[in-house]
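You will see two complexes here that share chain A, one where it goes with chain B and one where it goes with chain C.
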Partner chain A sequence: MPTTTAAAMGAAQRRVAGPSLARRIEANPFTWLVPVAVMLGVFYLYPILDVFRLGLTNASLVGSDERYTIVTLQAMFENPALLDILKTTAVFTIASVVGQQAFGLAIALLVMRGERRKLKGMVALRTLVLVAWVIPGIANGLIWQMLFSEAPFGAINSVLRMMHVSPVAWLSDPNIAMLSAVISNVWRGTAFSMIVFYAALKAIDPTLYEAASVDGAGHLQKLRFITLPQLRAAILVNSILVTIQTLNTFDAIISLTGGGPGRATEVLSLFTFNTVFRNYDLAGGSVLSVLMLVISLVLALFYASFMPRREVSE
Partner chain B sequence: MMRLRLVTALLASAAAFVAVSAHADNLVTKDRVGPADAPKSFTLRLTNDGPTSTDPVWAEGYQKLFSEFIQRHPGWRIDLERMSDNIGQEQARMLEQAKSGNGPDCAAVDSFVLALFKGANVLKPLDEYFTKEEVADLFPFIREGITGPDGKIYAWWWNTDLRVLYRNKEIVPDAPKDWAELKAAALASKEKGGEGVLFNGGRWEGTTFDWLANFWAQGGKLVDDKGKPIFAEGENREKFLKAVNYFKDLVDSGAAPKRVATIVNYDEFNAAAAAGTAALFIGGNWQYGQLKNTLEPEEFAKWTFSEIPGPTADQRSTGTGGWTFGAFSNDPAKVAMCAAVVKEIYAGPGNALQQQLPTAAALYGKYDVFKTEANETFAKALVNGQARPGVPIYPEISNQIQIMMGDVLSGTKTPEAALDAANTAVQAAFARL
Partner chain C sequence: MTHEAREKWGDALTYLSAIVIAAFFLTPLAWLLSLSLRTRQEVFLGASRFIPKRPTLDNFAQILSDPTFLLYLWNGLKLSALGGLGCLLVAAPAAYAFSRFWFSGKSALMMTILAFQMISPLVILVPLYRYMSRLGLLNSHFGVTMVYIAIGVPMCTWLVKSAIDNIPKSLEEAAAIDGCSRFGTFWRITLPLAAPGLASAFILIVILNWSQFLIPFLLLNKDAQLPISVAIFNFAGTSNASSTQVLAAACLVAVVPAIIAFLLLQRMIVGALTAGAVKG
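Coming up: the complex of A and B.
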């Protein structure tokens, strides 16, 4: 059997020469992780470290003598506006996260129900919701600015007038302006939550619902005792993602209210943007960026602590 | 035979014309002016005022001006860069690039931030490219704005603007001369179905700039000679509060709608004028042309403008802005080309093309477009023009005035409390500069 002999000789030679390149790479994952590590290091880690460094300087877009100091750190945390901005950020974030998840879940349930009943137009409904998601933040802000306009020809107020309802100060009243900002953000972000929940709902074993029906459970009972517990992981993951996304939202607010009236809708991300690009305070903006990073991490860890743990046997 | 020659000559001429035209067209592309293989080149960063303007008339006009320019300067190519509409961010980014030596060779610099560029020592002097007579012919606030502490000029301010009070003559026949008259006229216009007087009151630079005319008209000063903020001290505090209370009273009395606290764009006034809901608004001089283009001729004929009313008829002021060009290159030849771009394209021809007010008195007589009654009136009003202080703390002062205005107009804070909060923030920022 010459072929078998040749193959055996080749294998023996490879054993003498050592493992193949593919096998060596497989045996040593560090080698193939290096490109990813370098990419992440250069494009993610280095900027983060540089932001930490800049936060400990007096760097500005205007000045030239950069030196290390804790004065910036002190000035940012002693800024009397910071507390109000953090409160505004908290209200905006909590309302947006709750709103986006509630509407996202409602639409996902609606789509699932429609699909179960084989109703037409469910794909169109999903697509329609997604349209809002792909609209850039600035455009989203401008669209809602036109809708909320308090001018006599403002869209929503004109409809209210036709219905003999008093027009609403959507953007000029500080309290209502926050509600308007939340509505515009929820409108845009709901689609993302809908996709996450739709995927999670698809993964729920239908026999659970069948068994519940046999036991005589109603719709609300099924939602409470089957759907929501089964969606727990999806809700928590979605909460992390939506929270981080909302904390970073400033483009929609800047074009909707600019942060006003006064500071009524100025969230931390917008305050950071203003600090760097309007006040030219690079160091101050870096301190605020680090603060945003810390808040995001703490909230992510908080949510993660509620994540269902995998069993050891799994 | 004669006929054949004539036809041949005509065809040759036509072919030559087409070739020259095609050549001229090719000279100006989306990102380049001049031949791609030109031995020398420089980068030019522009706003909407250039060959890639979104306004087709301006774009065509600048393409012609740039094409002629590059043919007068053989061997050169201009690499065009375009700023987005987010001017504040664009200028901040450009300043950072210039500081690190990566800025464009020549660029449009907003007069509002020129002081920051001068203070960062990134601009190259342009004295040798402009005669003393040309510099002397500039309006005083323009000359002061472009001059550095060493007496050299570091940019060329080629257009300016100012704020005026627009009114619908049918509803408000006489120009209000002082604050009381404006309030009365606004209230009267409301009785005829209007919204009262409109002005910028939201979170943006226009709010500060337009309102400052009321503070400046009283002789108020934002900063002292050393650039320290003094707007909340002594007489300035009184003048400041008087001007804030004036706007507050307009809103509280109903002479201005509450929605002014949301206005962050001059276009809102054009929209209100077109919708017939506004009879009075404080806007920019450039809006006169916009109104002409927006309104039907018979509607436009109802509109006119006058100086912004002051606390008294003889106390007037108006904010003036505009655009400059500055050179960042270390190569003297590129700096010279930058100066040539300003002189040959923008200062004069560019003003006429865009109907934007020139900064030199001589140019008003040179172009017919500035001999119109409207433009002559604008030019006269420039006498009371006041530029924003060219100091590094100004952006924070402006930011705090915007916040203060929102708080006061929405009733969140009293003018005194809002002023104190603004001053505290500004002084803290100043201490860190």
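Coming up: the complex of A and C.
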């Protein structure tokens, strides 16, 4: 008898608590984060943990029989190709990051000046640069192949031939192929840097420039002592984004050079892909994936250490 | 006077630089268009026929009359749009919480979500490929869509959060006083008001999905399932010098939808990007 009373009371309480429980659930912010947490957990966190685990095995993409070993790790770091791949990756990344940001900043400054002087066509220029950014990476590689090609339809070489200049082996000379890859990457990636710098330039207080003019500062001095220091945070954030974007670049290279000639343009992401999906070496590819993660993290922290402190900047 | 003269020289220099930059960015696309309008004979004449003597639409006709090619386009659109829609569904509640709740660790959590954006899809696909093959999700659009959603979620959360930030809270408070539940308020008041922001986030993510290559390339094997990005890559692998003009037309058809979508919504997209970039 007492137990039934208790049960009845409990039920009654629950009925009273019912709506308020729902309200309490929806008042908890973490309830709202569940879908995102599930997606990122299933498709990012768990795979990443598994990449770390697989790096310590001898797993292959086709077999299912695997055991723990550090042989893969050893073999990967003793692989003489890895050093070359890392050098190639460094050259490609540094050249792209510097090129995209310098070019992006130049265009942003140009558009700002044009707007200040109310020149026509500045929006059109900005739009044209941004259009390159929405071109799919695969198409980017294929389009630039048509420009660099040494066949009769290659745009650049056929212009050179018309000017009686000997054609250049844009994609088949190992030294020039890297330059070609960088040019095509800069073409597509500059827009992002441009729009970031454009927004940051708009946010600079114009009175700074007026004060500098009163003090008799020239254009270069204004750029050196006002614009660049004011853009510091934007440049650093952008560097992180562009560096990691470039490190992860894969489709634009596989469709432009396929990593060749030889291994002249085989960057780390392409090497990882080939290791896993061409050689079926899942364990080796996992070691390389961890390497990619570590490099991204180290570089992000490196840039972040140069960030101005909030109290100082604001 | 001298100042004005210097400004005039500056203007001339600005225009000159603008023309050089425009030429650099326009040439690849102009060349693609030029090749795609040529006959096979004219392709071999290179730059001397930049404007073809006998322009032809045959290359486009050949591509667009091929039912598989139309299927590639449809697959590309379907995967991109489903991915974008799924992204909104997953990201919107989180974006609401980040915009309307106060809790400790909020900004750290938001940065953590953004940090996922930095991870290459390749890294997660290395183990995912095996799971998906065991779960029988290889060669299924469902599997690809789920990965698209996961990859788009970090950026989508940030975009939708800034869209919700821009909506005044007063309407939501009025609904709450009238007894509307928090979820009801979110669904009936906040989301409809945020529709323009949701739309620009959606379009941006669809454009990014349209360029996705690695995920469908690895997870789909059947020809009839491939989106356009993978299809043109495979086509390039099988084409040779005598079919360059057809490849150019195929590339152009793959690229134009993204360009049109971007041009139509340029203002919204640039606004969303710069808002994120400045806060970033």
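Just a few scattered comments:
To be clear about the criterion, the second predicted complex is superposed on the first by the 270 of 314 C-alpha atoms of A that agree within 3 Å, B and C clash if a C-alpha of one lies under 4 Å from a C-alpha of the other, contacts with A are read in each partner's own complex, and residues count from 1 in each chain.
Everything that follows uses one rule, which is that a contact is a pair of C-beta atoms (placed from the backbone, for glycine too) under 8 Å apart; a residue touches a chain by one contact, two chains touch by 3 or more.
The structure presented is a predicted model; accordingly, all values stated were derived computationally and were not measured.
Three-chain overlay on chain A, with chain B and chain C in a clash.
In the superposition on chain A, A:Ala211 makes contact with neither chain B nor chain C. In the superposition on chain A, A:Arg117 makes contact with chain C only, not with chain B.
Contact with chain C, but none with chain B, is seen for A:Pro136 once the two complexes are overlaid on the shared chain. Using the contact criterion defined above for the overlaid structures, shared-chain residue A:Ala151 touches chain B and also reaches chain C. After overlaying the two complexes on the shared chain, residue contacts for A:Thr257 are found with chain B alone; chain C is out of touch.
Of the two partner chains placed around the shared chain by superposition, chain C is the only one that A:Ala22 touches, whereas chain B remains out of contact. Within the superposed three-chain model, A:Met307 lies out of touch with both chain B and chain C [touch as defined at top]. If you count the residues of chain A touched by chain B and by chain C, you find the higher number for C. Of the two partner chains, neither chain B nor chain C is touched by A:Val294. In the overlay built on the shared chain, the residue A:Leu171 is in contact with chain B alone; chain C does not reach it.
Taking chain A as the common frame, chain B overlaps chain C at a single listed stretch, which among 5-13, 59-67, 95-103 or 239-247 is 95-103. Taken together, the two structures place residues 61, 151-153, 276-277 of chain A in contact with chain B in one case and with chain C in the other.
Considering their complex, residues 22-23, 26-27, 29-36, 39-40, 42-44, 47-48, 50-51, 54, 61, 106-107, 110, 113-114, 117, 119, 121-122, 124-125, 127-132, 134-139, 142-147, 151-155, 157-159, 161-162, 187, 195-196, 198-200, 203, 234, 237-238, 240-241, 244, 247-248, 250-251, 254-255, 269, 272-273, 276-277, 282, 285-286, 289, 292-293, 296, 300 of chain A touch chain C. Only residues 7, 10-11, 14-15, 17-18, 21-22, 24-29, 31-32, 35, 43-48, 89-91, 93-94, 96-97, 101, 103, 106, 109, 113, 116, 118-124, 126-131, 146-147, 149-151, 153-154, 157, 181-183, 207, 210-211, 213-214, 218, 229-230, 232-233, 236, 241, 244, 247-248, 251, 254-255, 258-259, 261-263, 266, 270, 273-274, 277-278, 280 of chain C touch chain A when the two sit together in their complex. Chain A meets chain B in the complex at residues 58, 60-64, 71-72, 75, 78-81, 149-153, 169, 171-174, 257-264, 266, 274, 276-281, 284.
Chain contact summary for the complex, chain B toward chain A: residues 88-89, 92-93, 95-96, 99, 116, 119-121, 195, 202-204, 257-262, 264, 268, 271-272, 275, 277, 392, 395-396, 399, 402-404, 406-407, 409-410, 412-413, 421, 424-425, 428-429, 432-433.
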